[in-house]
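Some structures are shown below for you to check.
Both of the next two complexes hold chain A, though its partner changes from chain B to chain C.
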Partner chain A sequence: MEKIKFLGLKCIRGISLLIGLSILTFTMMHNSPIDPISAYIGSETSITLEQREALEEHWGLNDPPHVQYFTWLKNFIGGEMGNSKIQRRPVADIVAEKFTASFALMGISWVLSGSIGFCLGILAAVKKGKPTDRFIKWLSYIQASVPTFWLGLMLLIVFSVWLRWFPIGISVPIGVVSSQVTLWDRIHHMILPVATLSVLGIANVTLHTREKMIDVLNSEYVLFAKTRGETTWEILKNHGIRNVALPAITLHFAYFGELFGGSVLAEQVFSYPGLGSTLTEAGLKSDLPLLMGIVMISAIFVFAGNMIADILNAIINPRLKEGNTLD
Partner chain B sequence: MKFKRCISLVCTGLLAVSVLAGCSSQEQPVVNADQTSSEIKEELVISMGTRPPGEFDPRKRWGLYSQSQILHSTLLKKTPQLEIVGDFAKEFEVSEDGLIWTFHLDDNFKFSNGEDVTAEDVKFTYEMLKEDGVNWDLSFLKKVEIKDDKTMVFHLSEPRSTFFAQLTEIVILPKDHYDDNYSENPIGSGPYMLVQWDKDQQAILEANPYFHGKAPHFKKITLLFLDENAALAAAKNGTVDLIYTLPEFADEEIEGFKQFSYESNDVRGVSMPTQKSGYGKTPEGYPIGNDVTSDIAIRKAMFIGLDREEMVNTVLNGHGKKAFSLVDKMPWWNEETAVEDNRVEEAMAILEEAGWVDTDNDGIREKDGLKASFKLYHPSADVVRTNTALVVAEQAKKLGIDIELVGSNWDEMQTIMHSSPILFAGGRHHPHQFHTMHDIKGAGISYNNIVYYDNPVVAGYMEKAMHASKQEEANKYWKLAQWDGETGASGLGDVPFVWLIRLDHIHLGDARINFGEQPIHTHGHEWSLLANVGEWTWDAEATAE
Partner chain C sequence: MSSKSVLSVKNLSVSFSQYVKGLKQKIITPIGCLNIDLKAGEVHAVIGASGSGKSLLAHAVLGILPSNAICSGTMDYMGEPLTEKRIKQLRGKEIAFIPQSVNYLDPLMKVGKQIKIGLPKESASKTEAQLLQQYGLKQGDKERYPFELSGGMLRRILFATSVREGVKLVIADEPTPGIHPEALSAILNQLRAFADEGASVMLITHDIVSALSISDRVTVLREGEAIETVDVDCFHGKGEKLSHPYTKALWRSLPTNEFTLYQEVKLCH
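So, the complex of A and B:
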């Protein structure tokens, strides 16, 4: 019962968040000075009044704003996201296509930054105060302060332009039809963007894990374990990792939002076809259906990340479980 | 200890993977890496902008910027000298009144799927685009009639000489294979066919086996959609054979590469609102008119007093030409409008005569208490326009005209461009743009006639030009509309725009590519060069020097 209530509340919160966000996005776009038709036409002069009216009619720009919004909302609830104005094809297709690319990129980076960060954090805690610890800390501070796009550019210059180990961008080999593209080709094109994006998230997890692990290692039960003659590895395995993993995972799920922002930048640098470039264009050209579609999907994505973190906490953390039954 | 070993194992593993990645990527056949000089290359990798303009579908504007002859054929086409000749319509005639256009069709055109191109396909294409009505104004097209297999007749509701331009731009679509997903599979009858399009990444073109003309030399062309910086990096890393580039990157040295520069009518200039303030509001409610630029003396002084040569040298690093009109070098250009510029003394005399005198010695002229001062808006993201604006302001100071520069964006500029000068651009392979930019009908709608230029004599000439049934006759009237000896929409006449410079379109590419005979390029740099891609060849002996 408690669990259902917990989930129900979460879902209601999520839905209200989405509605609020959609209203906000719609209002901002509606009041933005960008005229979608002029943005679509570009700096061209060859459009007649008839052509312009045909476009306004076609895009439904003549309806009052609340009608436009509710039409959109009704369609969206019915699973229909409408057609992109710029690309003239269904928003659902575009989002599905771009999200797959972005998702692979973000997923791998997320796992990598999580595991690397976790390992580094533990190592730093074990070697607290020693050169290894200082080095890891120094590395984390640098990672945390380096902008994603700058790191991406550096990797690009060194590994693509100078060493020529990796391609300059895009996600598939040049001039090869998709039936002949191998898995290795795809991985090869993904390495630099993934590396860029992973580095972004490592510092967070590392520093957090280090702090937690130091707490654990200073605790009395670890002292007791040491007196029993357990080795460092045994202590970590039996007491440390379990206690530290949970907050790290929670933190890492909550980092979905930042990951999403980072991927936008990384995709720009590596000409990688993901949601990032599409989102920028939709905003700049006032392509309302496309922008709303991407914003909604990203919000659901970030919300899902946070919700998973909460659920994991509730399920795994024994203290929360006890609290639930005691009430 | 175990823990340490674990970590070091992971590290070694990571290292191994990265080394492996390095090795195998070197084994990968990099498409153009260092060929020997005698090799005949039949595949090219090109980067031209971040997306195909119009996504291969005329309903999305494919064809507006000289892309009509890549994947498709058209009824008529343009020679490099911009003469109109037959394509799918091998012969054509226009009736005396300009209302009936008859086309005699060729019979050996085939689509890339092997099917014949027929009159039905042509009829479908024009009717569909007219119906759509968004990117192609075909409202004057009354009826498309198929007389027999080989003859088509287009009935117009009013004469329209600029229809010629559209006939060279509108690509023939396959009636049976056209739908909303045409961009994904754009079957056409041109020298190339699209094999694959990875959106925002690349498009792979291969020679169309059913092409009616001479088979192109390059069997495969891969177009990458990279931005300018990524494209330059790709050229340096040896991934691409050809990129288009901006004047600021034009002098980059890349091994084996050569700079290919083409003249254009891609002009930049200053729009000068011709009406006084208080003239009214545009259909969208933006104010019209400017009290300073509405004085013709100010406009004339700017036109003859500015030093275009200096602009070409400083703004474009010499990669450009002086511009005097929107239609420089076109068959409908009135050459008289190219006058000697940098005539500072004469410009000052014009201003003095009109009553613009510097009475308070602040370097700025006044007339009836009004300072010769105005704001000039420019999109600050556009380097060429921003730098041009800077030079204009500097040079105008010498004439006693004060220009305040405002770095802006198109969204803001659209609201003030009817009352303030902006750094404007244009240039087409047809006179239609000249018409919309100087015709009072339609003024204020999108970028049509933003200066509210209104001269009935010019409008009369343009009307006659539009109604002409022959190109020569139309060109005669377009020239008169620019300058008839007394008035006109040019620097000699009313100066609604002070045109300044034309950009050269610059590409960096493998020195051995031969681009054939290129027509003068138009506004819209990306893909201009590809207009005749079917005629490109490989010259194994050519070197970068």
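So, the complex of A and C:
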């Protein structure tokens, strides 16, 4: 019963979040100085006033804002996200396509930053105060302070321009038929964006794991474990990872939001055709249906991350199991 | 008491350096010049007020003092110096530590698994079942987490996790507070049984009455010094056989005796 109530409350929270977010996005786009028609036409060509009015009428731009919003909402609930104005394709198709590309990028980065950060954090805690710890801490502070786009640019300059190890951008080689693109090509193009995006998340997990692990190593149960003859490695294996993994995993799922934000910047720098760069394009060209679609999907994505964190917490943590409140 | 010495602590002193008011460093010495000798087959009570250095003594012997502690003096175990390397090998095997609070159990590990730590793999499950039975716990309790068990049960789990077969020295740090009389006597009997099997038991407590009921000798600690070690028989009558005024005062202050206030006694150094 508690569990159903917990999930129900979460869902209500999620839905209200989506509604609020869609209103906010719509309002901001509606008041944006970018005129969708000019952005669509571009600066080179010009159209007559009649053509312009016809287009405005066709897109429904003459309706009052709330009518426009509710038309969108009604269609969205019915599963229809509309057509992109600039790409003239269904938003659902574009989102599905770009999401796959972004998902690979974000998924790999998420796993990498999580596992590297966790290991570094444990190492730092075990070597607390020693040069290894100080080096890891120093590295983490640098990682945390470096902006994503700057790091991406630096990697591009060093590895693509100077060393020529990796391509400059895009997800596949230029001038190759898509059927001839190999898996290696895709991986090759993904390495730098993934590296950029991973580094962003490592520091977060490292510093958190380090703090938690130091607490655990100073705990009474670790002291007792020592008197039972457990070695440092046994203490880590038996008590350390068990007590640190849970908060670390929770934190890392909650990090979905930042990951998404980071991917927008990383994709922009590497011209990687994912959700992030499409979002930027939609925003700059005032493509409302596409923008709304991407915002909604990413909100669901981030919300799901947080929800998974909560549920996992409840499943793994035995102290929360037996009908205890979850919130 | 002519049996051989298990642990002999001479001139032990433990200090900590602390920062006071910014960068000024100050050395505090909670234990200075402590001597104690534990024999095989005896329960040796270590009594004293809070802050007299009882727990620190245990931690010093076990080599688990915090890293900012400075330790000096000599400790001999079975006639040989107890070095840092040696204590690491002996802990959990010949030397067992029973901690003072149930927080010393891993909150996220089933108690059965905690009992099994350090046991040889082949016989771990069998030994675990034996231990549960020995301490009056149900076999099903091994599947529980510490938060699901009562304080008295957790005390017994602490015993089951720390004392192994072949133990020669048991250091029990306040194993009795906050449990009901029945469980208390069970724990005291268990400690007595360890000694009767030939181990040496150091019982650290401030519960003088319980300590006296099972001990052979008593060492009184005061401000980090062992002021007196006497046979348990000396705690009798008005304490005429006790030599140190502090011990006498302690004895007389008990409700069952004269219930005299401690501050009435002038202490001379």
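Definition applied: the second predicted complex is superposed on the first by the 320 of 327 C-alpha atoms of A that agree within 3 Å, B and C clash if a C-alpha of one lies under 4 Å from a C-alpha of the other, contacts with A are read in each partner's own complex, and residues count from 1 in each chain.
Just so we're on the same page, a residue touches a chain if its C-beta (ideal position, glycine included) is under 8 Å from a C-beta of that chain, and two chains touch if they have at least 3 such contacts.
All values reported here derive from a predicted model rather than from experimental measurement.
Superimposing the complexes on chain A yields a three-chain arrangement in which chain B and chain C fit side by side.
Look at A:37: by the touch rule set out above, it reaches chain B but stays clear of chain C.
In the overlay built on the shared chain, the residue A:19 is in contact with neither chain B nor chain C. Residue contacts after overlaying the shared chain place A:228 against chain C, while chain B stays out of touching range. Put simply, if you stand at the Cα centre of chain A and look at the Cα centres of chain B and chain C, the angle between them is 160 degrees to the nearest 10.
Legend: residue contacts after superposition of the two complexes on their common chain; A:142 is shown touching neither chain B nor chain C. Of all C-alpha pairs spanning chain B and chain C in the superposed arrangement, the closest lie 16 Å apart.
Residues of chain A that touch chain B in their complex: 32-35, 37-39, 41, 43-52, 54-55, 58, 87-89, 97, 119, 123, 126, 156-157, 160-161, 163-175, 177-178, 184, 188, 191, 231-233, 236, 271, 273, 277-278. Contact residues on chain B toward chain A in their complex (touch as defined above): 1-3, 7, 10, 21-22, 24-26, 28, 30-31, 43, 45, 55, 57, 59-60, 64, 132-135, 137, 139, 180-181, 183, 195-196, 198-202, 204, 220, 222, 224-227, 230, 233-234, 236-239, 410-412, 414-415, 425-426, 428, 432-433, 436-437, 442, 445-448.
Those residues of chain C lying in contact with chain A across their complex are 62, 64, 88-93, 95-97, 99, 101, 103-109, 117-118, 145, 147, 161-162. Residues of chain A touching chain C in their complex: 219-221, 223-230, 234, 238-239, 242-243, 246, 317-319.
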